[in-house]
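After this come two complexes, each holding chain A, first together with chain B and then together with chain C.
Up next is the complex of A and B:
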């Protein structure tokens, strides 16, 4: 039974436009196929051009350096010691000119035979000026004798260069700055995806020509939702799914570098991240501990504060609009700019915080430079920073609680503390659960707070590493992408466990 | 408990929600506050509960002035349209909560809650959460919660509006039963005239913040004080024939007239609405001066009788006609009026002439 027949009041829908949709898809898929294929082929072509230019420069280098060196040693062997300096001098005088000559001759598609002969002749001509005649004849004879073997050697060498610079090797050596880099690098992938589209187009074309009307309608109905979802899914795939998969893969590519090179597959990255270098402090574990402490300190405190503040704001007291603005201010200000203000607040000599401490006759604290206060500084700043968003969530949670619950409780004589404890908190529990999850995840990702407060370093004595700071440092300063990826996966693992735990608790709290 | 409201007035800024509202509710009575939406009936209830402060006037509970007392000192039980059961507590927890607030010992709490749950027939559901209950069951629990602390006054704010038609019928009988059993003075707010008619001892009908009439249900129906009361009560609605009183005759706007009993009380020449209940027509066979000459427009079968749409002098109205008369659309018939269910209202003021 079709879905339509199940409806109590079947809706008559116009489907003619739907059938055409299949044909439109064939055309669209074909266009996408041609586009991707064109891009892929263009990338391939560019890759070949790039390969040729790599090969050419490597060939020039080899002909120039090795060819001249061979010729020189042959000449040197044939004459006495006394001429070695003279010959070397004359050879080096020709080097610069010869490099240009070789490049020109390669462009003219001269053979290696001709190039080497030309080199030998040029060197011979240079020697002519400096070497006495009797020695020259010896050189001449030697050159004529040795030249074929040198040429043969050079030809082999050139072939080896071409073999060595295979297309995959060229792809590896590509610079990110090279024009059409993505097209060159992903040309195979582009062609592969193009092929997939071609297959789709062919299948649909087949369906269009062979299906009867009803089956066409059915197919069009299947295609319709896909049409609407496709743009979104493309975005998700390219910018979310692919990066996630790539990070997982990268974490298993040992010592993966920016140029795409890695030493092999395995769990070496994880080993490095978790064990560190023996005998030195392991900053990842330190970061993990710091991150956990940060989560444990900030999340409960900021959630509890947010509940109280939201409860008071929700009472619509006089001036609550002013307080609302004040509390939400951190949300609309730049964390970097605010961080600078907090650095000033925490300043040892001029800071507001120390001024207050001194006012109550305490001793000023060196907040930012003393290692024992780094965590407190971070926690204070972190709580302040996460409060506004938490309050907004709590306020919306509170406003969802029906006013009649409070009215009934008040008529029954309940006072505010009891109402708060017995009604507000339990009814707010789903929101509290949500806030706990969101806040813990964002606290696990603490990074900006560290950089901003400690002026770009992980704490005054490298004591305030957090996991994300470690990842950042691995990635952008040490350029160890594989290790950074492994650290990110470990962090994900912890966040995942934590979130699952909280979801379990949250489900228990949900009664409505 | 006897509840007295004296000149109760409530203004929200410029809006006058309730004006000079004075009624007395006697001990053990169930009184309905009836009226269309926005007539101020819920405002009166909220003032009784102490949720809304009173602008002017007094509320007396057994002679004691409680106008300024906060809700918790008035000893009232409150039931809302949406029940407002705490979703995170069980039925037992919900019924116990008012006692918990009063710091009643736990054993005593459970005993009284169980007793109350039995009263509303919810004894088997004590461990359920509100979302596991049907609308009617939730309403029963809400009533039990309101009654468990033995309130002096029970306030019900449109308690049946969220229920479907069948449950509404069942629950209103239940509310009446529970009220009679506990003998608690009860105020019941509703906009449904049938609901009000069926369960209350007295009805206070309100419109635009003013009390229209405070009477027993049947008296309200039989002797409406004004046009609004007559219009509001009764199904089908009362028929209004526009015209003028001329001596002992009612002259309709297009000149057709008949001799109408009782119309002498109206000054001759006054524009009036002749209001007649649909059941107050009698079919006549011959022509007479005191009979209305009418034309049948259409006839509906209702089983035991017929309902006809009838035209007289340009006014179209509904009348119950007994089956044996065998009428059909287009017939010319003569109708006379019974004494009961015929009222004369002033066209301008809606005032009734008696």
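Up next is the complex of A and C:
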């Protein structure tokens, strides 16, 4: 097609592509439908296999334990007490072998009748060796008498077992580590989603074959933004929106565990988190206090330092690029690695910090294992770590200030400290407020610092819990997801306050 | 008479000033030595007094400006040294032998700058090569996926018209204030239920779509004039081609920022791998480094060598792309 032709009918070409979108959707939806259906059916099949194996193992257990126990009690009833220990011994000697026998016989699809008879015979044979003959005849008679009733009982028992282990029950009992667990667990959901896709595909196919051209274009225009947003929203739904809703629900499910079990609905999680176990120290409140202290110590100091440094950096001295590189370096590096370096700096015996203290004729401090210095360690590291980010925000705030203010001030003969106090600080006020709030929010989430500095424990004597560390511990070590969720909601409450403050500042000064 | 007096005063001021500066310099040099503390401190204090007196007698503009400049440089240098020192100390310690590590006061420089033993030993003790590969794989796939979904999402939110677009977007923005620490609990259960915990998928999947990056990119896309779009449409360009041939090339600076921020976040992430990864060979660098601390115990020189390996890629990235990273943080920090 020549270039002229291309330009002659641009709209038509575009429209044609737009319509094709519907057809492509029909095909893709059908493929997704088939794929999901296949996965769902496969999961169902696996679930059935799993259910059979569950049933088999529980049947073996019941036949083995209850069957032998019944037979044993029948035998014991028929003979005198003097033989009871001998009989028990001989029964227990056959027990392990019988379990194998039962499993093999079940595989050969023998009936329960046969299995129990075999068990009784084996036990009788075992007793034969140890019990004198006159007692044996008694055993023989009682066994023959009682065997039918035992068999009947066992058959009823087996039936009950199979009924009890319905598919939903099996689904609940699945272990998370089983192969194809998600496919088995979500088999019904997968099939349902597949059905939805099929419905969509059918509707679109119907539209494709019956609609006229204009309506097809309209439909394609509706479909287009959905296509663009789909990959984005898939992630947002599963990993942002659903978790927000779920964590709120979870916080009201008392003692919610990873396997989905919980003891009941209510505010028990919150009570536990806020009150703790009476008589023991409440680590959540301790964490809350520590977090607040950390915020109060770290944020103002780092903001004040950042203002000075940003002011100096903004003067465009020579080598300012070099200085910027130096100041911003901690921002890009992993807190874990840098935290280890600081641990080495804080080292009691060979650390640099103690060397400097000794140089100024002080006494070395046991930074990391003395409880009275834990907070100082955290604050020093926290300030060092949060400084680059704060400086960057301050710098961008400074660069937003109009140059003419400075020029006018200089013409009027104002000096640097005066300019700093009378122009820079007032015009920087919104930025400062914002930085304080943003830094507080991020300081509220302090976690990695604690973990790394104190080598995986919250402080040398469990004295440096923070809110997020508490959440982590509840979730990962104690597996109490419900309580962790409650703690997370409390954390969110505080962060929410600060976020509202941030919004207020942004709106008031029309910032950004 | 008056003039002569002033000249003498100036001379006196200059002499005092020079003396003061010399005193300060010699005082700070003798700080690390074993000279009596009182002498050193009094030298410094006297130096400051002399400089002040010199400035009082000789208050010419040049001297003052020079002093101010020197003071500014001094402050900046002190700060910069404090900021960089841990990195220097990490690298210096990585080259020390274990005997050198146990000196007190510690030596500033390792005896042999080419002593790579610590690196060899730590790579033998723990599979850092494997950790490195895991980090690289996670980082690359996370960045690729996130950038892809972000570009598509930002395009739909800035260029395509559909009912409820603004409402939907403001809803997304309000979701942004929920901290990741709150989502982590449910995401953990989701990952476990999907059966992908303890795999690298678990490190990538939860971070495939980011509201924050979409927000940044949407703002940039919106600043691209409409005329460009309509002229492209008239030339027969459909939305898909317009996005990839016109918008993405124009938005390259923003995209670079997003990619850099994302790569940094992925490379340095610690809490999430700590939760979902168990087996040794699935660990990423920061997590592997963290578990390495329990293996080496008191051998800090090995730890420092390993830390250098973790930190180096990001430092190199930063040296090459400082402007983009700083710009991105400045732009994004306010909202984040």
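Simple rule for what comes next: the second predicted complex is superposed on the first by the 412 of 512 C-alpha atoms of A that agree within 3 Å, B and C clash if a C-alpha of one lies under 4 Å from a C-alpha of the other, contacts with A are read in each partner's own complex, and residues count from 1 in each chain.
Just so we're on the same page, a contact is a pair of C-beta atoms (placed from the backbone, for glycine too) under 8 Å apart; a residue touches a chain by one contact, two chains touch by 3 or more.
All values reported here derive from a predicted model rather than from experimental measurement.
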Touching partner for A:455 - first (chain B), second (chain C), both, neither:
second
So in the superposed three-chain picture, is A:309 touching just chain B, just chain C, both, or none of them (first/second/both/neither)?
second
State whether A:36 touches chain B only (first), chain C only (second), both chains, or neither.
neither
Once the shared chain is lined up, is A:405 touching chain B (first), chain C (second), both, or neither of them?
first
With the two structures laid over each other on chain A, which partner does A:414 touch: chain B (first), chain C (second), both, or neither?
first
Have a look and say if chain B or chain C is in touch with more residues of chain A.
C
Does chain B (first) or chain C (second) touch A:222, or do both, or does neither?
second
Between chain B (first) and chain C (second), which, if any, makes contact with A:422: first, second, both or neither?
first
Which chain A residues contact chain B in one complex and chain C in the other?
511-512
Give every residue of chain C touching chain A within the complex, in rising order.
31-32, 37, 68-69, 72-73, 75-76, 79-80, 82-87, 89-90, 93, 101-106, 148-150, 152-153, 155-157, 160-162, 165, 172, 175, 177-179, 181-190, 192-195, 205-209, 211, 214, 233-236, 238-239, 264, 267-268, 270-271, 274-275, 285-287, 289-290, 293-294, 300, 303-304, 307, 310-311, 314-315, 317-319, 322, 325-326, 329-331, 333-336
Chain C touches which residues of chain A in the complex?
6-7, 10, 13-14, 17-18, 176, 180-182, 185-186, 222, 224-226, 228-229, 231-236, 238-244, 246-247, 250, 258, 305, 308-309, 312-313, 315, 317, 321, 323-338, 340-342, 344-345, 347, 349-352, 354-355, 358-361, 384, 387-389, 392-393, 395-396, 416, 434, 438, 441, 444-445, 447-448, 451-452, 455-456, 468, 471-472, 475-476, 481, 484-485, 488-489, 491-492, 495-496, 499, 506, 511-512
Chain A residues within the chain B interface of the complex:
402, 404-405, 407-414, 418, 422-423, 426-427, 429, 511-512
How about chain B: which of its residues touch chain A in the complex?
49-51, 71-72, 76-78, 80, 82, 84, 86-88, 97-98, 100-102, 129, 131, 145, 149
